[in-house]
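Structures for review follow.
Each of the next two complexes has subunit A plus one other chain: subunit B in the first, subunit C in the second.
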Partner chain A sequence: MAPDTATGSSQVLAVEGLTVSFRAVAGVVPAVRGVDVTVGAGETVALVGESGSGKSASVLGMLGLFHPDSAAVEAERFKFEDMELSAGRREDLQDLLGTRIGIIFQDPQSSLDPTMKVGKQIAEVPRLRLGLDRETVRRKVLDSLAEVGIRDPEWCASAYPHELSGGMRQRAMIATVMIAGPSLLIADEPTTALDVTLQAQVIDLLATLQEERGTGILFITHDLSLVSEFADRVMVMYAGTVVESGDTEAVVNHPSHPYTRALLESVPRLDGGQVRPIRGRPPDPRDLPSGCPFRTRCDHAHERCEQVEPPTFRLPSGQTIRCWLGEQDGEPC
Partner chain B sequence: MKVRTRPDSGTAEAATASTRRLTRAAAAARRRTRATLIMSAGFLAVIVLVSVLAPWITWHDPLDAELVNRLQPPGWLDGGSWSYPLGTDSTGRDLFTRMLFGVRLSLLIGLAAVACGGIIGVTAGILAGYYDEKIAAVGFGRVADIQQAIPFVVLALAVVASIGPSFRNLILILGVGSWLFYYRIVRGEVLKIREESYIDAAKAMGKSDAGILISHVLPNSFAPVIVIVTLFVPRLIMFAAALSFLGLGVQPPRAELGLMISEGRGLIQQAWWLTVFPGALLAGIVLAMNTLGDWLRERLDPTLRVRQ
Partner chain C sequence: MLRFLVRRMLHSILVLLGVLFVVHGLLLLTGDPTAALLPPDADEEVRENLRRKHGLDDPFPVQYVKFVGRAVRGDFGDSFRQARPAFEFVSEKAGETIKLGAVGLAISLAVGGPLGALSALRKGTWIDRTARMVAAMGQAIPDFWLGIMLILILGVNLNWLPISGSGDWRHLLMPGLVVALPTLPAVVRIYRSSLIGVLDRDYVRAARARGLKGPQVFGRHVARNAAIPIVTVLAFEVGSIMSGALIAEVIFAYPGMGRVAYQAIINRDIAVVQAYVFMVSLIVVTTNMLLDIAYSMLDPRVRVR
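Entry: the complex of A and B
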């Protein structure tokens, strides 16, 4: 039941049946329970969910960024570009990280090393990994800083991170990640720590860079409204599974899973519509309710939800949902 | 209303007056601190310069014994000669020359021992902090615990008894004796640093562990190391002198401050200068280094800076 690639172009990333479990003192915590992700070249896929829904865990897990002692990562299939790899193995991914796969983190305040000049940090991948000579690297660094909209690249390159503003730091971070021209960019809540005007600028910047280079973007966020303007496809995660996924248009305009609907209604809107928080709390992954994990917070829950976890249904509007509500007019896939 | 304003303004005035007094006192204290700092720094600069240039400053050889001139008092006393400005020892060697070379050796020992302990301690601390769960990391901690349970002098005695006293062994003992202080501090720093998102970012850039440790973890854990270094150079100079005094460090006939004090000890009634001058010099160096070290620590440690 691989989700369709909207653009129809080649797939950069294809993951099937991804599971990530953390080893904690209290036992094994299943944070991600069978997730399929595909990202095509030039496509933007948004992974949306509350804190603890497993969105970051799936991405960081499959790239082997968790310590192998603390997390177990498995996938039926993990394909990057044309390479069949094993998910979560850092040795397999080490060469790809930084050069073919770039990751931008949430907090630009702390994702740059405070003791290293910005230019030097940006230069690391071209210098150490691509083995370019000093002059080429210098030019590349200045070019990439200019490209992300920094007005005085010379100054910025020789500044320490604390001398830059939050927005500039996130731009510098983007320059660091984009300098090697990765084919997949993973953005883990890249705008959460920024104020709203900067959010828009950063998103625009990512979109521009994507258009120029055809980078596939996997965008992790909890902000569904941010996603609706930017993403080609949306995957909504809840308690370690994807509960609804499909083209952005379909998901945002015809949200079909009760959780997606609730999520959209809980976003404050300018037209004065009532904000409706989702009642209850996300379940503890160590102690998931039987059947559908969302049923304890769901207005549509009935007996069957308690007994059997729903399979995935494809709806006429194009998206797939993991809810018994899809049984009526959707078909199982 | 008036009734209420009067005491208010009174307290306000009193407050400003007392604030002013405090500010003045603080300013005076700052001036004093500054003067002490400049003196300490100046003294140390002279000491370092003199010890580096020792062979060109003096006209005697530190090991050249002239029994004819034994136990000469300093130049300004009766029977003293300005050829031996601070007098001579029991074998007729020039005290001033021996002090110059003694300081040279003491500084060398201090720096070398700190470098030795620092390299071991910082390396162990970084490895233990970064790979906290690994058995090797646990091993460092246990070794440090065991070592801390043994008094330093006892440890030094045991080591010297087994490998023999020498200049090289002295440095080794002091270095190995102090590694755990660097280890403890650095490990704590690294435990904090490894959770920083720039470490995650570096991992996400595909950097190797070695690359991350050298270019991110090491520089970020270095500020407290500088502070320990400033504390330990004088402390280890002191220890080296103490061990030499006990006969466990530098061996005669070499000139070393602790050894010189020890040699002059028996003659303190006839030739007080043999113990007083080297002792005063040692105390002065350690005092100046500690003063500068304290100042540096206050500058580098933000929790102490708030106080000012």
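Entry: the complex of A and C
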């Protein structure tokens, strides 16, 4: 590991101007339209949005996990650790995936091969990617299972996925991903398929692992309330762009983009505040409204929103928003 | 695993008892056996004697129980035509037929598997279209026609392969192809569609996200999971392989039990036919049991602990 990652100040991932377009029968579908993402060592960045907002497409796209025939990925800049790479190029990322970059997917049940013993799946990265010998791999597998809080690693390693409980499966999945000590962990809705108690446990586990190893985490979720306790920074995505971005505290306590506000109001709260669903539905990426893509659901929309898509403004409270409302107090950036 | 085997075996025995019931019924369905064995002008007394000798005058349930009692010892009585135990005719040739069936099965898997895989991995390309067309053609061609064409082209015109009899491996190729004919397209289509399904699974995406290379992902996570439905299909196909073997044996004068059965049917030698049907059922039931074991080895979720 590079010496400077331990200080927590260096950037693990820096992406600028990311676009992802899917090639569909009906034509090209722009799923991601210019997104900047940075993740520092030891930092947790949450990418929040409704389904179809482009959050998963951004991440899977830039890591080259879409078939090149089905998606076109481009970025002005794609930097991982000290390497300048081209976004979405499978050849560039092949060596990093599994070793330096780990990805946890939503459903631990379906992310593990049902016909292969759990231990053998965890062993794939050290065995096939790092080329370690059998005995070292065996020890590493048991260690990593113990590390993710599995009480009987021997048993778990020789079990098949269907023999584990839901929480154990997600822990095992985390072990497969963390075994090589990646510097960047992508978590794509890792707790959505789990019940609330398990959600908290998994998040605690990720936080602990992160603290020990200084891993940068990019956490994809649709649940803004989940993020508030866990993430350092939040990026809210809508229709393929980042509409609000900043420190978690600023975004959650002073949501400034109408969409972020609506998103926060749509979450049920313990203090009994009114739940207000967001009216309308996310726009079809093949047929985005003119100007600001959110204007059709926005209470503040005026004529200008219809004509020109707003640029990004930096607000005094620290975050940036992509909305004409930012023009008053904010600085264009 | 032992309990699973014992249960599976009891189940097989039940199936065989059912088969024996039908086999025994065959005898009654084909009319009065004495009409076939005695000259038309034989005395009624002679007929009675013959019926008594073969136990044909007992009530049906008694006949069935006696028949089962003898059948499990491999005793189907003597051939009506030649004074030899009927089962002997069949069992001495069973090995040849099993060999032919195994060759047919091996051809289906060895050709159909890669063809299905290629078709799935190159979905929508000319390779896929060609493979699927070959599969559809294979399903449409009648096996006896393929047999005759093979003899004509490979045997007579090109003189590459022997057209009849048995001996070395070259005698097995053409009849093996005929046996493989109905199963091969099924293997291609099933493997293709199950591969396409598996390639889309989350665990395959997760394996790619672990940085495994294409062939590693395929070999470790795709091929095996996609092969499970093939095992299911093969269980159905064993029967058609056996009937294909009969056709192939007749066309290529291959000395297996199918040819014996064919002769016996023409001669109305019911005892031999019964022994043949029983032997085929035994083979089908046994292979199904083996396939069940293979299934549980491929898919741990169905394994009984």
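Everything below uses one rule, namely that the second predicted complex is superposed on the first by the 325 of 333 C-alpha atoms of A that agree within 3 Å, B and C clash if a C-alpha of one lies under 4 Å from a C-alpha of the other, contacts with A are read in each partner's own complex, and residues count from 1 in each chain.
We take it that a contact is a pair of C-beta atoms (placed from the backbone, for glycine too) under 8 Å apart; a residue touches a chain by one contact, two chains touch by 3 or more.
Note that the structure is a prediction, hence the values are computed from the model and not measured.
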{"item": "When subunit B and subunit C are modelled together on subunit A, clash or fit", "value": "clash"}
{"item": "First (subunit B), second (subunit C), both or neither touched by A:95", "value": "both"}
{"item": "Touched partner set for A:125, first subunit B, second subunit C, both or neither", "value": "both"}
{"item": "Which of subunit B and subunit C A:162 touches, first, second, both or neither", "value": "second"}
{"item": "Subunit B versus subunit C as contact partner of A:31, first or second or both or neither", "value": "neither"}
{"item": "Shared contact residues on subunit A - subunit B and subunit C", "value": "63, 65, 93-99, 103, 105-107, 110-116, 124-125, 128-129, 173, 176-177"}
{"item": "Subunit A partner contacts - residues on subunit C that touch it in the complex", "value": "201-203, 205-213, 216, 220-221, 224-225, 228, 298-301"}
{"item": "Subunit B-touching residues of subunit A, taken from the complex the two chains share", "value": "63, 65, 69, 93-99, 102-103, 105-107, 110-116, 124-125, 128-129, 173, 176-177"}
{"item": "Parts of subunit A lying in touch with subunit C, wherever the complex brings them together", "value": "63, 65, 93-99, 103, 105-107, 110-116, 124-125, 128-129, 160, 162, 173, 176-177"}
{"item": "Partner subunit A, residues of subunit B touching it in the complex", "value": "133, 196-198, 200-208, 211, 215-216, 219-220, 222"}
